[in-house]
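Two complexes are shown next, each including chain A; its partner changes from chain B in the first to chain C in the second.
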Partner chain A sequence: MGLVALLAIQVLYAIASLALISVGLAIIFGMMRVINLAHGEFLMLGGYAAIVATSHGISIWLSMLVVAPIVVGIIGVVVERTIIRFLYGRMIDTMLATWGLSLFLVGLTTAIFGNTTVGISAPLGSFQIGAYRTSAYTLFVIAVAAVVLAAIFAVMRWTRLGLIARGTMQNANMAAALGVNPPRVYAITFGVGAALSGLAGAVLAPVSGVFPTIGVAYIAKSFITVIGGGAAILTGTVSASALFGTINQIATFVTTPVFGEVALLGAAIVLIRLLPQGITGRFFRRGL
Partner chain B sequence: MNGRALNLLGLGLVGVIGIAFLVLIPRLFELDVVLELTVYMIMAILALSLALIWGYGGILCFGQSAFFGLGAYTYAIAVFNIGESTIPLLLAIVLPAAFAALLGYFMFYGRISDVYLGVITLTVTLILFNSVNSTAGPEFRIGSARLGGFNGIPGIPPLNFPGNKASPIDLEGMFYLATISLLLAYFGLRLLLASRFGRIIVGIRENERRAELLGYDPRAYKLATFTIGGALAGFAGCLFANWGNFVSPTIFGLAQSAQIIIWVIVGGRGTLIGPIVGCIGIQWLTTALGANQPSGGPDWWAKIFANAPLILGIILIAFVLLVPKGLVPTLGDLGQWLLSSRTKRAKTRLEPKRAEEG
Partner chain C sequence: MRVNRRTFLQSTAATAAAGMFSSSAWAEDPINVASIHDLSGGLDIYGKPMVDALTLAIEEANAAGGLLGRQIKLINYDTQSNMQLYTQFAQQAALKDKVAVVHGGITSASREVIRPVLGKFKTLYFYNTQYEGGVCDRNQFDTGVTPAQTVEKLVPHAMKKWGKKVYVIAADYNYGQITSQWVKKYVTENGGEVPSIDFFPLDVTNFGPTISKIQAAKPDFVWSALVGGAHISFYRQWAAAGMRKSIPMASTTFAVGNEHIVLSPDECNGMLVCYNYFQDLKNPVNEKFVASFHKRFGADYPNITELAMGTYQGFRLWAEAVKKAGSVDRIKVIDALETGISIDAPSGKVTIDPPTHHCVLDVHIAEVADKKLKVLEDFAQQKPADTAAVCDLIKNPNDNQQYVIKI
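Right, the complex of A and B next:
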């Protein structure tokens, strides 16, 4: 019984962390059709922002949930204004430029922080399920993912900003004709996507530690989640995270963490072959 | 001068420079320079493989290092088991080609579009990296070759003259082999691209739908291009495993993949000489910046300039934003502009696209 509960928590955690690391990318890709290959580095920067803030005496909760998203969000807006905006409509060039950005950020953080892993200890301690103990922080990550997804849903569904964003996403020219300023919407969108990535990176920093090349560990997973999910931002991210997270965790449970990841990536390739438009290209088509 | 004559002139020039390089370098320089140049030649072959796939085939492959690494690992494992190097060399070409064919079948016949192609090839590379990286234990062995995981496989026996195990190829021999292979690969690809097949793949790159309506099957042509590129990359990997007598999983890594892309971008998509120039230039630059630190110089110097990702990242962003066509086509355009402005020919010129030359 305890084992089943533990496994359930682990599966939920895998799903939550996949959703967290992907949602920023999903917003940027879903709304702007920009494939941001520097996404992993945004996560990495979020981790560093949280760690630096904590070491300057700011409370860990504040640095993770407030400082990291703000810092990375600002970086995101700067990147959009200086690089991305020249490349709209040139999907492949954007991919290449953001790959360059990714290398640049890895190099920069290596120069500043050195090529070592820094960490912050996970707060909250642990709790008991049957004969097993597990970290309470796991539950916190699940909660953060749930709150973030709910907040995105609320903003997209019920606010004016969400309405404008959805309108621009569907038809940028029409939105512009109706008085919306698409470049501004894009800049805000990119900033919000980056901020969410920063939040995810910070929340996961106590689990994984942070080092300059950690982005590589995230990038493939978040990409296949977004592409596997398809066009709808929320439904796509949630359904793809649920599918891949479950596969990953069960394969990890049966074999090793490494082969859990290999199973995840393999499953993703099969999924993209079967459903090139992603899960929401076939199912849940009316999702947000 | 018309395009055809220019084309032949370029070909002749490459041949002359190549042969001069081949003959003079080992006579003029010490062995360490020759060794360094050997790896440039090997990497240039790898650059050519992506130049074909991406520059001419229009297939955005972010995972060229998968075939490169697969070639290196195949050679290493096979040569430990067989001993004589002729069959391992062939295997190191055939296996990556077969892998490319399988992956390509999956992607092209699944009609997966450009961007997703990039993501899938990237993912495959990461899968290979993760799996090979985790095979450090002694239980992971193929025949008598231990995979070694993140430690890599050291002490790989060098290539020998075909059929004669007792006479391995020495370091200078490796230089000749790599340079001749590069020249053969270059002229072979030029020949391929001048053929009917080459015209068709460029046609498909320019407009896939139109080529399809004219009766060509883009899937089959793309698959063939991809397979040839995979074979070439595998061959380069085999030479690379020979060059250092060592192979490790970083060969599959993202950094390696990014480098190949950068060579092609910097040199120019749609040319063959461009990626070679880009490859050698970038390789030289990173080596020079890493090695030539002033002793006792400021700390930040090493942090900035010996920092390959930082420099490569800036180069990549700068080229995508400012010189998206790459060096060689841009210089070509410049040359043509100078020529035409001197002769003051304002006529519209109906010449074939420059992208087919070089």
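Right, the complex of A and C next:
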């Protein structure tokens, strides 16, 4: 019984962490059609921001939940203003530019922080379920993911900002004709996507540690989740995370982490073959 | 004898030419030594201290007048944790730089990449990392410890302390695969059992399901042969789940990359390791070595690792053999090494074992205690018995393979 409960928490955790690392990418890709290959590096920068802030005496919660998203959000806006905005509608060019950006950020962080793994201990300690123990931080990550997704839903569904953003993404010219300033919307959206990536990187930093090339470990999974999810940003991310997270975690538990990854990738291939438009291309089509 | 202008010019030109020739070809020409290590990327936690130790060893040798009256030049290649670069740089070192010896390779995978290259181009190779044992190649010398020297000692020590049921987790390439089999062999021989061996690719960072699995298996202790920066997160997640206090851990890799300094004491205190060298070893040679190392690289240098010492000792053994051979010629140096060259190193006496090209050396069991490694037990002059069981290069000098343990 304890083991089943523990496994359920692990599965929820896998879903939550997939959703967290993907949602920033989903916003940038889903809403702006920009393939951001530097997404993994945004996560990495979030991790470093949190660790640097913590080592300067800021409380770990403040560093993770406030400092990291703000820092990476600002970096995101700067990147959008200086690079991305010249390349809208040119998918290959944005891929090349963001790939270059990714290499640059890896090089820069290596030069500043050195190429060693840094990290902070996970706070909150552990708790007991039956005969088993697990980290209470796992529950915290699940809670953060739930809050982030709920907040995105609320903003998109019920605020004027969300309405304008959705309208601009659907038809930028029409939105402009109605008095919206699309470049500003793009900059804000990109910044928000980057900030969410920074938050995810910071929240996962105590679990996985941070080193300059850790983005590589995240980026493939987040792309698979976003593509598997399909056009609807929120429902897509949630449904794809739920599917892949469950498969990955259960396969890992039954066999080994290697087969866990294989099962995840296998599921993604089958999914894209059956549903080329992603899950939300067929189901939950009216979702956000 | 009459010296006219013509004969004077002739003789001085000849002398000058001879002088130039000899100086460029012999007296002033440095001996090239190649270092091929990962100085960036995920494995640099191992590579940097190794190159620092090699740098110091070469500077010491040069300050003492060099070798055979020639200075030694270190040619440093950074393989960036990328296997392809190992092939490329090994070829460059052998063909372009024409080095007398290559010191390098960190993971067993990288060693198996450069070993055939250096064999083909007849360039002497020193592999200075503790590894899974079994390489039998006349062109290669191995100065690191192997499972018969460490695992064989640490398994009974840990089983006596904690119990008989051992869960093994290991990195998923030849090192982890083979080492975990050695662990299983020694655990079984000591009357214990290994319920499971789990392998992890080097980039895995999520160990949640594994930690649940280990709890379900209820071992008396866990044996880690995890490798590299990403795997450090296992120890963090293990401690965060509150497991460190209930299930202890022993390792063949922990602290080799200074993990005990990166992690907080709360995450790794009490872990047992077994190596040839620890910075706090008490002997005059080591105290002198640590002092000069700190003088060269700063007193705040985090820790002189097992691999750094392997590299330092590897260079010293090679230098000793060059002196004995009176030449840097590959075959002459190998012959000299095969006489059983011996040095008084900071880790104690280190002697080349001629049939295996491995080393006879001291090993110690230590415990992680507040970012330090506290030595608990010493074992003097351990032979590489694992490799010796299968490899005899004196009888079969043409043997060239890595033997793998069969259970």
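FYI, the second predicted complex is superposed on the first by the 288 of 288 C-alpha atoms of A that agree within 3 Å, B and C clash if a C-alpha of one lies under 4 Å from a C-alpha of the other, contacts with A are read in each partner's own complex, and residues count from 1 in each chain.
To be clear about the criterion, a contact is a pair of C-beta atoms (placed from the backbone, for glycine too) under 8 Å apart; a residue touches a chain by one contact, two chains touch by 3 or more.
Remember, it's a predicted structure, so these values are computed and weren't measured experimentally.
Model built by superposing both complexes on chain A: chain B and chain C clash.
When the two structures are aligned on the shared chain, A:91 is found in touch with chain B, with no touch to chain C.
Once chain A of one complex is fitted onto chain A of the other, the partner contacts of A:216 extend to both chain B and chain C.
In the superposed pair of complexes, A:108 makes contact with chain B only, with no contact to chain C. In the superposition on chain A, A:56 makes contact with neither chain B nor chain C.
Residue contacts after overlaying the shared chain place A:17 against chain C, while chain B stays out of touching range. Contacts of A:258 after superposition on the shared chain: both chain B and chain C are touched. When the shared chain is aligned, chain B comes close enough to touch A:272, but chain C does not. Judged by the touch definition given at the top, the superposed model places A:3 against chain C, while chain B stays out of reach. In the superposed pair of complexes, A:134 makes contact with chain C only, with no contact to chain B.
In the three-chain model built by superposing on chain A, chain C overlaps with chain B at stretch 146-154, while the rest of 20-28, 38-46, 146-154 or 272-280 show no clash. The residues of chain A shared by its contacts with chain B and with chain C are 110, 216, 256, 258, 261. Residue ranges of chain C in contact with chain A, taken from their complex: 40-42, 44-45, 172, 198-201, 203-213, 215-216, 229-230, 232-233, 236-237, 239-243, 246, 262-264, 266-267. Residues 3, 6-7, 10, 13-14, 17, 110, 115-119, 121-122, 125-127, 131-135, 137-138, 206-209, 211, 213-214, 216-217, 249, 252-253, 256-258, 260-261 of chain A are the ones that touch chain C when the two sit in their complex.
Of all the residues in chain A, the ones that touch chain B in their complex are 35, 83, 86-87, 91-93, 95-97, 99-108, 110-111, 216, 219-220, 223-224, 227, 256, 258-259, 261-262, 265-266, 268-269, 272-273, 276. In the complex of the two chains, the chain B residues touching chain A come out as 60, 106-107, 110-116, 118-120, 122-124, 126-127, 130-131, 133-134, 253-255, 258, 261, 265, 300, 303-304, 307-318, 320-321, 324.
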